[in-house]
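Letters A, B, C and D mark the chains as written, and numbering starts fresh at 1 in each.
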Amino acid sequence: MEIEIATIGGYEEVGRQMTAVRAGDDIVVFDMGLNLSKVLIHDNIETEGMHSLDLIDMGAIPDDRIMNDLEGDVQAIVPTHGHLDHIGAISKLAHRYDAPIVASPFTLELVKGQIEGEQKFGVDNDLVEMEAGETMDIGDDVELEFVNVTHSVIGAINPVLHTPEGAVVYGLDKRMDHDPVIGDPIDMERFREIGREGEGVLCYVEDCTNANRKGRTPSESVARSELKDVMQSMEDYDGGIVATTFASHIARVKSLVEFARDIGREPILLGRSMEQYSGAAERIGAVSFTNDLGMFGHRKSVDRAFERIMNEGKENFLPIVTGHQGEPRAMLTRMGRGETAYDLEEGDKVIFSAGIIPEPTNEGQRYQSEQLLRMQGARIYDDVHVSGHLRQEGHYQMLDTLQPDHLIPAHQNMEGFSGYVSLAESQGYEVGHDLHVTSNGNTIQIVE
Amino acid sequence: MEIEIATIGGYEEVGRQMTAVRAGDDIVVFDMGLNLSKVLIHDNIETEGMHSLDLIDMGAIPDDRIMNDLEGDVQAIVPTHGHLDHIGAISKLAHRYDAPIVASPFTLELVKGQIEGEQKFGVDNDLVEMEAGETMDIGDDVELEFVNVTHSVIGAINPVLHTPEGAVVYGLDKRMDHDPVIGDPIDMERFREIGREGEGVLCYVEDCTNANRKGRTPSESVARSELKDVMQSMEDYDGGIVATTFASHIARVKSLVEFARDIGREPILLGRSMEQYSGAAERIGAVSFTNDLGMFGHRKSVDRAFERIMNEGKENFLPIVTGHQGEPRAMLTRMGRGETAYDLEEGDKVIFSAGIIPEPTNEGQRYQSEQLLRMQGARIYDDVHVSGHLRQEGHYQMLDTLQPDHLIPAHQNMEGFSGYVSLAESQGYEVGHDLHVTSNGNTIQIVE
Amino acid sequence: MEIEIATIGGYEEVGRQMTAVRAGDDIVVFDMGLNLSKVLIHDNIETEGMHSLDLIDMGAIPDDRIMNDLEGDVQAIVPTHGHLDHIGAISKLAHRYDAPIVASPFTLELVKGQIEGEQKFGVDNDLVEMEAGETMDIGDDVELEFVNVTHSVIGAINPVLHTPEGAVVYGLDKRMDHDPVIGDPIDMERFREIGREGEGVLCYVEDCTNANRKGRTPSESVARSELKDVMQSMEDYDGGIVATTFASHIARVKSLVEFARDIGREPILLGRSMEQYSGAAERIGAVSFTNDLGMFGHRKSVDRAFERIMNEGKENFLPIVTGHQGEPRAMLTRMGRGETAYDLEEGDKVIFSAGIIPEPTNEGQRYQSEQLLRMQGARIYDDVHVSGHLRQEGHYQMLDTLQPDHLIPAHQNMEGFSGYVSLAESQGYEVGHDLHVTSNGNTIQIVE
Amino acid sequence: MEIEIATIGGYEEVGRQMTAVRAGDDIVVFDMGLNLSKVLIHDNIETEGMHSLDLIDMGAIPDDRIMNDLEGDVQAIVPTHGHLDHIGAISKLAHRYDAPIVASPFTLELVKGQIEGEQKFGVDNDLVEMEAGETMDIGDDVELEFVNVTHSVIGAINPVLHTPEGAVVYGLDKRMDHDPVIGDPIDMERFREIGREGEGVLCYVEDCTNANRKGRTPSESVARSELKDVMQSMEDYDGGIVATTFASHIARVKSLVEFARDIGREPILLGRSMEQYSGAAERIGAVSFTNDLGMFGHRKSVDRAFERIMNEGKENFLPIVTGHQGEPRAMLTRMGRGETAYDLEEGDKVIFSAGIIPEPTNEGQRYQSEQLLRMQGARIYDDVHVSGHLRQEGHYQMLDTLQPDHLIPAHQNMEGFSGYVSLAESQGYEVGHDLHVTSNGNTIQIVE
């Protein structure tokens, strides 16, 4: 059976991921993501009403015109998890394919939100829920399996396509977490079986985000332990404490909620995306934030919440807000500018439970947000966080576990791939033979 | 009562700490440390047989000739904890003073070791044990108190000199740890009392090692959590695993010992300083590594231990060895060079549970050690560690707690002080008035 | 005679410089500058119509209320050169003092521009022109002298106050340039004399901008040589070339103009500040850009210039434009956004003859500007530049030349001072004695 | 005609360059270099007496066993210039091939030195001198041409193999210098012709050393201008001045010699490699250091020279010595350790006219050397230097000039290639198609 892999997006940068695997006549598409920074560099652009081709020209969504060259039918569109760089182009591209969108419950919930917000296209692909551990037939001879993995969002899976030639494992995005706070640990046992059974692993596509970093990415339980330590150190403080994190990072939000209560404060989620993601997590039953946890997204209800906090005393609350990257319109940035009712005072604490995305525009915005907070007297606790992506020793362990015949580094540019290529070469792979260093818009013939 | 503080060593660099406080006619000396890097830049120098003045000329030990200018009698020499930059010059300088050495049990045990190793001078000062929480009279009107603090070595205290003019708090070295794995949490309650009682705090000398770093130094429990995560991820590995850390960091050694057993391996301490420090900790009862924990320091017994490991199978052991900075003669470096019986193989794991001391010579040695280990196939897990020194938010909390009249930044050079000076200025202190930015060999008159 | 120095602004940051020296009953004020970044962090603020006190509260201009504590009369206000951080607050503060503004011709020309643009205050201090090498009596016993120095703007001098107690040398801002392209070399011979004559140098205030950088700041002739090399390498290119630099850096603008002609292109200055500074330089006769050099500042005339360039062929021109830091409204940024008639094409060259001011907000803007240019195909030549400030070996040479009794580091924060303090200490100065590490709002009594 | 390129060494690291091009039955080998760092990490190894296979196993010289797979005869071995990473393995590998060594006069002179020093192998290949601009037949249908390029050593050429399928241009190592101080500018005119004539350029192998650096590498004339500025600033100094640079960098040595005389000092070359390289340059007539320029390499004659300098007065000399990287046994390091008769005093100047090779071991040694010099009072002027390798805009210009069908990045590891790959992709090349990202030991079939 011919096996071909089209590396459509996300092989020259982080963002707008899209990969297609053709096995015989059947094609499965993994991820359809957005590269938001390509949008933001232009002033005043709203993507909701834009046409796909314009977004392709901007480099914001994958250029899927290469799909015409693959001879076969798309049988499924499979987003691996709910981050925008993996699902953000579904509303712009999925309607072109007569295929269901197959995803884990939380991811599917977020895909629904994307489709509802879309103004240009009507997207009516079937939405099929599939849990980690389950499988689905793709044509006659191929099977799609979801293996449970761990990442900075719940509901992440690695899809595996079982073909007569061996398994194709699409490894985006994950870290190796044996104690992930919410949900099950990464299913290394299943990966080990896949490495050994049948024809073994034909091809492995790897998440190279952290491929240039040594060592092992710590577990979410380590971030939780650090966050606990930070918040305990504030137990005696009787002024304001504010926290921010990725709204989609439900496990982190859960830790913040719990530790807030441990130190006698009422947690309260503020900001549109806080409400969206945590609401989605509640709907699928991943968390049961009890009824008294406020979540407010709309401007007016946020304003009312801030007023209530000021009235009842800042010392009784932990607002958990958007703005961890200093985004100009996010809640924390507005607090820094004094545009909310929340009054920051000398000594008040702000916890950034997030890393800084290393891009100069972003670093500038984040710096400016911190400066504004400091000008009001805030004390900053930054980088209380661990990454959601494997580092080199995780990559080594995956190679050791799967023993793949072919490797395709993904989710980075060439510089980002370099650490992975060095690792793979040290394990006997060769560029141009079984180690496919590629870029957007290419097709790799694995089995002819 | 006149109060004067002589900043003798450690105010232009990290290393060779020494500070004297004169209260009326009585003087207490805090720390007498060594700056090892000033020795190592010269080839083939052994300090044991060297004279004090030569070591002073090299910048290796404090230039205590300034003590002649202080009009009073030294009543006590008080090392705050057992690191060499705080006790390493006792054997060269203490005999000049007719005063006891007063220290916590673990620190005193290490001071004894220093004195025994000395070849040039006979040091016969009284050795007086004093626990955290205890006090001692200094002359008629002054009292010395030990407040329990937390650092990367056990037995650390902050000495406080209670004078009629207020308390002088000597704040070297610490982090603020509420869950330190061994021993009690930092005694913030007592610091709060000292800040409020009597005349309050007259002067505070602060450890500025990390004064340019934002946020809070995590607790040892966070390092423990990360170490646990790293070692659990190796549970299924059936080859060699080796760990290295600071020999004096008993809490970390304890965690390594425990997690080794958790993953079914026998821990074994190898290297001269591993034996010394852990032996000292056992003698004072801080740990009770059960009888079956091997500790080997002498070359021959280390060699025998490695042979036993190879005979019984590397997969059954966790050697915990010296060499975390790539020191040329330390155990791990020798393993990298293939000079021990321990056979490193492709895939074997090496855990550096230590940070890299940021100095180019050191960074070069550490890099070279890693290269040698990698050439034999080792996988490196580095920086599984947290620092033992306060960062900015810890400094802020200490200021808030003690509300001192005067501040003296210490344990750094001018660049290192800068973050602390900025912080202090933002809290209303002024350089030249109540914020004393100073250097080695100065005397600051606090009360005339 | 009592000598007192008030360090009013620019001793905790770069920007808003102001220092007053009192010699007996007479006071001279050096510099009155603006810290623009304190303004820009707020949205939509125009300083022209703002009151001094509001600008002081923002940290944008020096807090000169401390001047009330100096017992004496201000006899002169002396801006050392025309950069905004040295003259930008004159229009907000000078009218409070009954004293002339004394400056070199070019600096004075720029001060006039500032005063004309002011909308809130009427500033009618006398404007007195004084050349390097000239002197002026201040009261009966004191003399003010201008020594020629070299900086990244023409007309820079170091004022020296000759008092009966020795000379007070105000050393901001300079590098040591023996071949400065425009104007005379730094007058080291005169500094040597000042160091030796009479009572020698009582006090030296030093520009510490680059105090943490090793080595020597190269001459403007080295930047010229590099710029020549860059432009010669483009000689055969037949598309667009654009250059940007500091508008006030007349020597650099001159080099750009000359090399443009060398490679057969017509230089043309575009942007409001390009017109202002080069116009001022022409008026005082520092340059004679012949009549055919276009300078356009107003939007409409700039637009026409771009249209002419496009009509006559980009290959015939070198636009020299504003925007070297990526300022959002500057000319080059607008070109990157496609908001001008100038059509950037694949392969066109953009020369940044300027360094990046190392502040995250700024770095983000500059990065974004470069990204926009690259998106249009531009090739970037960045950092074709040398700094205008002394590095460590220049500082060493000044110390060696002047042999001052007292030192005051300026034009940085504490971290920035640290390299200078280390240098001074290595030369025998002591913090708290003759090395005055200070901050804004302090007064240092040099002679009582 | 089949064209095949074997990337034998230097495609995973800087060092041990070797590339073979097969055109039909004829093979030409470009470079045979040494990776010295692979030797130095082992203690006490002397390569002179070592066997090739041991050096191959260490990764010190290219693994040329892959040459057996190329079906054809080696017709020439062509070192492109005289640096060790390009000629250092000739004495270990060339005797295996029945082919002449063809090189420019200076390179050939250095190759002779290598061969004479070799103790293990007898190397008796013919040595053929060929100047830039000349050509040589290789078999019937292929011609070898030398194009003049500019690098940090004189005598550098880029060999071009003219085949019926187009030209193969081997682009290692160069910068684009239009004013190189010694010798002719880079021959861009000839490159332009090669790009246009016949079949154009089939394949270009590029030097990626600086591929991740923006902008353009300055000309040697810029380094000369900076060096002149530094030395002029020392004109009045009446103590010791010492300079160090790459011994092979004859243009830089020449500038040092000339500027020494300009400031009234006698230059004198000290250290074994200083004597060797400058001697070789004199022999081929590239420089005519007049008879009174002392060059001393042997220990005794160096010692005598230092004694003479001290006797006649340091202020009359400029020793130009080895040791720019802090190599432990080099002359400058020995001066820092006080092991020579030259007495460094407070204020003496040391000029490092060289960059630091960015590798931690090296950085540690260099730092230590500087520390030792500073401990004796020396003032350091570092990095008075420009690189010899193209940066991104040079790469862009070469692509624009040659318009090659295929590209092979070389002289780096994968991370180092990344900037070049991004550039090439932006110009329409595709990895896996016409952009060959490869590693050591591969063969690329360009024409089948």
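Assume contacts are C-beta pairs under 8 Å (C-beta built on N, C-alpha and C of every residue); 3 or more make two chains touch, one makes a residue touch a chain.
Being a predicted model, the structure only gives us computed values, none of them experimental.
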Any chain in contact with chain B as well as chain C
A, D
Would you indicate which option in C-D, B-C or A-D repeats the interface seen between A-B, with over half of the contact pairs matching by residue number?
C-D
Call it same or different for chain C and chain D: same when shared residue numbers make up over half of all numbers used at their interface.
same
Chain A and chain C have mean C-alpha positions lying a whole-number Å distance apart equal to 47
How far is the middle of chain C from the middle of chain D, if each middle is the mean of its Cα atoms, in Å?
41
What are the residues of chain A that contact at least two other chains?
none
Which residues of chain D touch chain C in the complex?
176, 178-179, 214-216, 218-219, 221-222, 225-226, 229-230, 232-233, 347, 379-384, 393, 396-397, 400
Of all residues in chain C, which touch chain A in the complex?
41, 43, 337, 359-368, 371-372, 375
Complex contact set, residues of chain A against chain D
12, 212, 413-415, 417-419, 421-422, 425, 430-432, 436-439, 441-442, 444
